[in-house]
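For reference, the structures are reproduced in the following blocks.
Both complexes below contain subunit A, partnered by subunit B and then by subunit C.
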Partner chain A sequence: MLLDFDKLGGLRTSLVALVVLVCLFLILPIVFIAALSFGSSQWLIFPPPSWTFKWYQDLFADPRWLYSALTSLKIAAIVTVLSVVIGFLAALGLDRGRFAGRDFLRALFLTPMILPVVVLAVALYALFLKLGLAGTTLAFIIAHLLIALPFSIISIGNALEGFDRSIEDAAILCGASPWQARLRVTVPAVSHGIFGAAIFSFLASWDEVVLAIFMASPTLQTLPVKIWSTLRQDLTPVIAAASTLLIAFTILLMIVAALFRKGRKA
Partner chain B sequence: MAVSLATGAVKTKREGALGYLLPALLLIAFFFIVPVLMLLMRSVLEPESGLQNYAALLGSTTYLRVFLNTFLVAGVVTVVSIVIGYPVAWLLAIMPERWSRIVLAIIILSMWTNLLARTYAWMVLLQRTGVVNKTLMGLGLIDQPLPLVNNLVGVTIGMTYIMLPFVILPLMGVIRSIDPAILRAAALCGAGRMQCFLRVLLPLSLPGIAAGALMVFVMSLGYFVTPALLGGTSNMMLAELVAQFVQSLVNWGMGGAAALVLLVVTLALYAVQIRYFNPARGK
Partner chain C sequence: MTQPFLSIQGIRKSFGTVTAVKNVSMDIAEGEFMTFLGPSGSGKSTTLYILAGFQDPSGGDILLNKKSLLSTPSHKRNIGMVFQRYTLFPHLSVGENVAFPLRIRRRPQAEIADRVKAALKLVRLEGFEDRVPALMSGGQQQRVALARALVYNPPVLLMDEPLSALDKKLREEIQFEIRRIHQETGVTILYVTHDQEEALRLSDRIAVFSQGEIDQIGTGPELYSNPATRFVAGFIGDSNFLDATVLANNAGKAKLSLGDGAVVEGVPMHGTSAANGKASLMLRPERLSLSRVSVPSSIAVTVRDITFLGNNIEVSTATPAGVELAVRLPFGHEAISSLARGEQAWLAFDAASVHAFV
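Then we have the complex of A and B:
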């Protein structure tokens, strides 16, 4: 009947048509940007009069783009490591600890993810101005760590929930120290959660723009801030080129994640 | 002996639990709770102590217009996302896996694509000489290009694009968890298609719809990037107002007050979500 794909009857055609339309709606803007990045029109006319690599040359000719990409990469890498380590410890504490207020603490750790990020951005900006940290790499790292950490706690927490801790106790009984047992038994067992935590933490920092706008200084910008400030001036096709590279990077990450999942199943 | 050793190990772990939580706790305390509280303090202390910032915020038509824009856009985005997202989630939940995998890959690709890249795409698509206007004119549906950017129409289209995956994915899970036997039973008892949908499928997916709608509404209320780029300066939303007070006007008192309003509305809606739609509590 309504939940059996083969027995939907006439309804099936209209539902399939809608799904195809929504898929086009979701994918066409992305394809469109990739196409325009190779188009010769400065005014982004579609279909482009002819094809060119000019916008990519412009992108790589301006060292500020490369520099901001490297800044993003550096910040995202540091945030990923810190988020996974602190997130692993916090998830372990939440999983193992039996104390009052555990649910409250878990909710508190996840709050930075659900609050409007602009509130956090403005509040941190005020604090960093007072501390003299505004416009520093450290400010970026702290801000991005706050929104990356919830992803780590969720991802590793879920993995820990599915891990039978008596295996860890067995290692301890066999003579391992608690930390040896954790590093050589528990960590490998929850590696898929750690991998998920790393990917989401990286993306949370790499793609983040609102906090970054407030943390940035004229000399220290991440890639999203560079795109943002360029976008506020005009719609140059150079942004289409930068966006296309970002989309390619996203697809690469998706493939890595899919391969990893497949490898785990096999 | 073994047993006592085991409980010993367990005991050490239990005592260590708080230590594990310490780094995360310090981070949250110093760089989340303290700065947010400091900002809220400034809203009642600057330029002088009192509630004058809130009076100014709630008493002026300019700012009321911002609140109206914010709720209007969030409301429309929510309704449109649910109306489009529900049938998609429904079919996705029951279609053969080899097809649903492709659809899911498209949804996830769009979700993972950089937010600025997606917003840029819509800025280009919706501009006066953009593809959307050209196609509509080519089809003879309009004579003049429609103003689709620098207004709330542009913001609504761009935000619906972003929110749609957030509706489809959880709703798909909810519909998958409905037992098809219930619908078969309804049909056997003589219910028509419409009745099956309205009186069985829809009510059973209602908790998922409500939770998804609330999530999209709350996320939309606090959105900054897409409204700022697609909306133009004359159609501000609340998050933009907060940023403007701080960045251009350097008015921390008003910025803090606007931030508090956004914060309170968000937390209130989350409280509703936890109270009424929390799956852990409901079942």
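Then we have the complex of A and C:
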């Protein structure tokens, strides 16, 4: 290879230094937050004067935190299921269909990724007000489904592209009805794409804050909204504790996804 | 054949303005090995896909045991098929792949186990039940696909160029296996290929497809010795074509002028031609004899090249008009012992054993 790492000579050191810097830039804020959540200082002093679990105790003592976490979990779970099912059907249609406007439709499905989230949020809020859905769980789910779907369509669509349709035809000639063939052969064959779609859909909803702020009501708040609204009232290390748990859960999901991918290759 | 087992009647298929299959009809007997042979785009695969039910014909009918297949969806036709590409289900083991058609049919567990075992034995992959398709060779995968297509005893097995992705040696090995399996099971096989050697090796009969139509149906020897069209003559076996002028044509026997004053009589003529019309004369390289001296009704040629091919020798020659004619002679033939490039020679042939096409 032209750019063989071993042959870069002096450049090698600076390259490694750059990589370390980028990694630190990405990781340090997380380490900071985690450290502060265990720090004893009320005023988030760094480095923490001493260590404590107090903020976590406060966090779990307040039922509103737990309630908002459960709300987040519920909405993210429902969004994940809907996103995977609808995403699979949409990707199947885009992959197999031969109809006018297919490319347009593909682009349309991906617009929530490009559109500024705040624009989408304002538009959805106005629409839900009109429909009387503002502040409901349904509104939450629809809003998060919109931003989760592109992930599902891309992930499952890529998997379907690498799947030879003759395999499905073979299942049909073996006696399976077209939908039986899709469920028993196509779905398992693209399971890596479906798994990826599920993880990314869940995360898209789980740590989403902009849409959530618009969709939330005093009684219906997801964890990121709760963090946001608490943050606006006062600065307490409980927020750091909540954020740390949020990040920990997200990292856990990423690890599961990575392990799954590795297991597939082995 | 008063009651054909499988009857294809006037099948047509158009895609928009393009007609892929024009008018295909044939009767196939139970247990027959029928091959659709033709170049790509000749309609052979489309015809097979219509049989499988993946495409609906624009016209015509297909009868299996006197009942039309067309209103039956693919998954209820109970037909077996082996595809050109590897179509094993990637997430299932070999055993589960073969069991799939039986599981769909909700057969009892014990019966499934027995039949999977028997099917794998048939394709000589006993004990491969727990293997994963991704770790098998292409030839093994196609044999598993064959076992999966036969495990439910379909009345008809469709094979769409199943060996085209394999190398030559493996291809010949599996051709032999397919022949054996055909003889052991007695299943009716419709086989699509563009490889004439494969068609000749496997088939009871061959249907030669050209531009959406069947040019001729017959056994290998029939097609070789008595081609109905110039296309069949060119597609099956090696052949030379020489332009000729029809001097007379009586009851299918023609008198032809080959230019340079050479005239042959009694040549089997396919198609009608007016006197002085053009025709092309097909000469098989092994049916030509080469002579160092002029003989009656022979073609004067110049020797261009001599190639040793093992059990025979090919002499490339050219007529004064520049038409190349290949001659194949057995090794050690006296006429070539001292033959050299650039020398004059004469090609003679038995007029009754060649064919002329309009």
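The working rule: the second predicted complex is superposed on the first by the 264 of 266 C-alpha atoms of A that agree within 3 Å, B and C clash if a C-alpha of one lies under 4 Å from a C-alpha of the other, contacts with A are read in each partner's own complex, and residues count from 1 in each chain.
One rule holds in what follows: a contact is a pair of C-beta atoms (placed from the backbone, for glycine too) under 8 Å apart; a residue touches a chain by one contact, two chains touch by 3 or more.
Only a predicted model underlies this, so the values are computations on that prediction, with no experimental measurement involved.
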Touching partner for A:35 - first (subunit B), second (subunit C), both, neither: neither
Partner touching more residues of subunit A, whether subunit B or subunit C: B
Partner chain(s) touched by A:178 [first = subunit B, second = subunit C, both, neither]: both
Subunit B versus subunit C as contact partner of A:134, first or second or both or neither: neither
First (subunit B), second (subunit C), both or neither touched by A:78: neither
Contacts of A:116 with subunit B and subunit C, given as first, second, both or neither: first
First (subunit B), second (subunit C), both or neither touched by A:169: both
Which superposed partner A:188 touches (first subunit B, second subunit C, both, neither): second
Residues of subunit A that lie at the interface with subunit B and also at the interface with subunit C: 169, 172-173, 178
Subunit A to subunit C touching residues, read off their complex: 164, 166-167, 169-178, 180-181, 184-185, 188-189, 191
Residue numbers on subunit B that touch subunit A, as the complex places them: 2, 5-6, 9-10, 12-14, 16-21, 23-25, 27-28, 31-32, 34-36, 38-39, 42, 84, 87-88, 90-96, 103, 105-110, 112-125, 127, 129-131, 134, 161, 164-165, 175, 178, 180, 183-184, 186-187, 193, 196-197, 200-201, 218, 221-225, 229, 239, 242-243, 246-247, 252, 255-256, 259, 262-263, 266, 270
Footprint of subunit B on subunit A - complex, ascending: 1-5, 11, 15-16, 18-19, 22-23, 25-27, 29-30, 32-33, 36, 43-46, 86-87, 89-90, 92-94, 96-99, 105, 108-109, 111-112, 114-127, 142-143, 145-146, 149, 153, 169, 172-173, 178, 203, 207, 209-210, 213-214, 224, 227-228, 231-232, 235, 239-240, 242-243, 246-247, 250-251, 253-254
Complex contact set, residues of subunit C against subunit A: 52, 54, 73-81, 83-92, 100-101, 104-105, 145, 148-149, 152
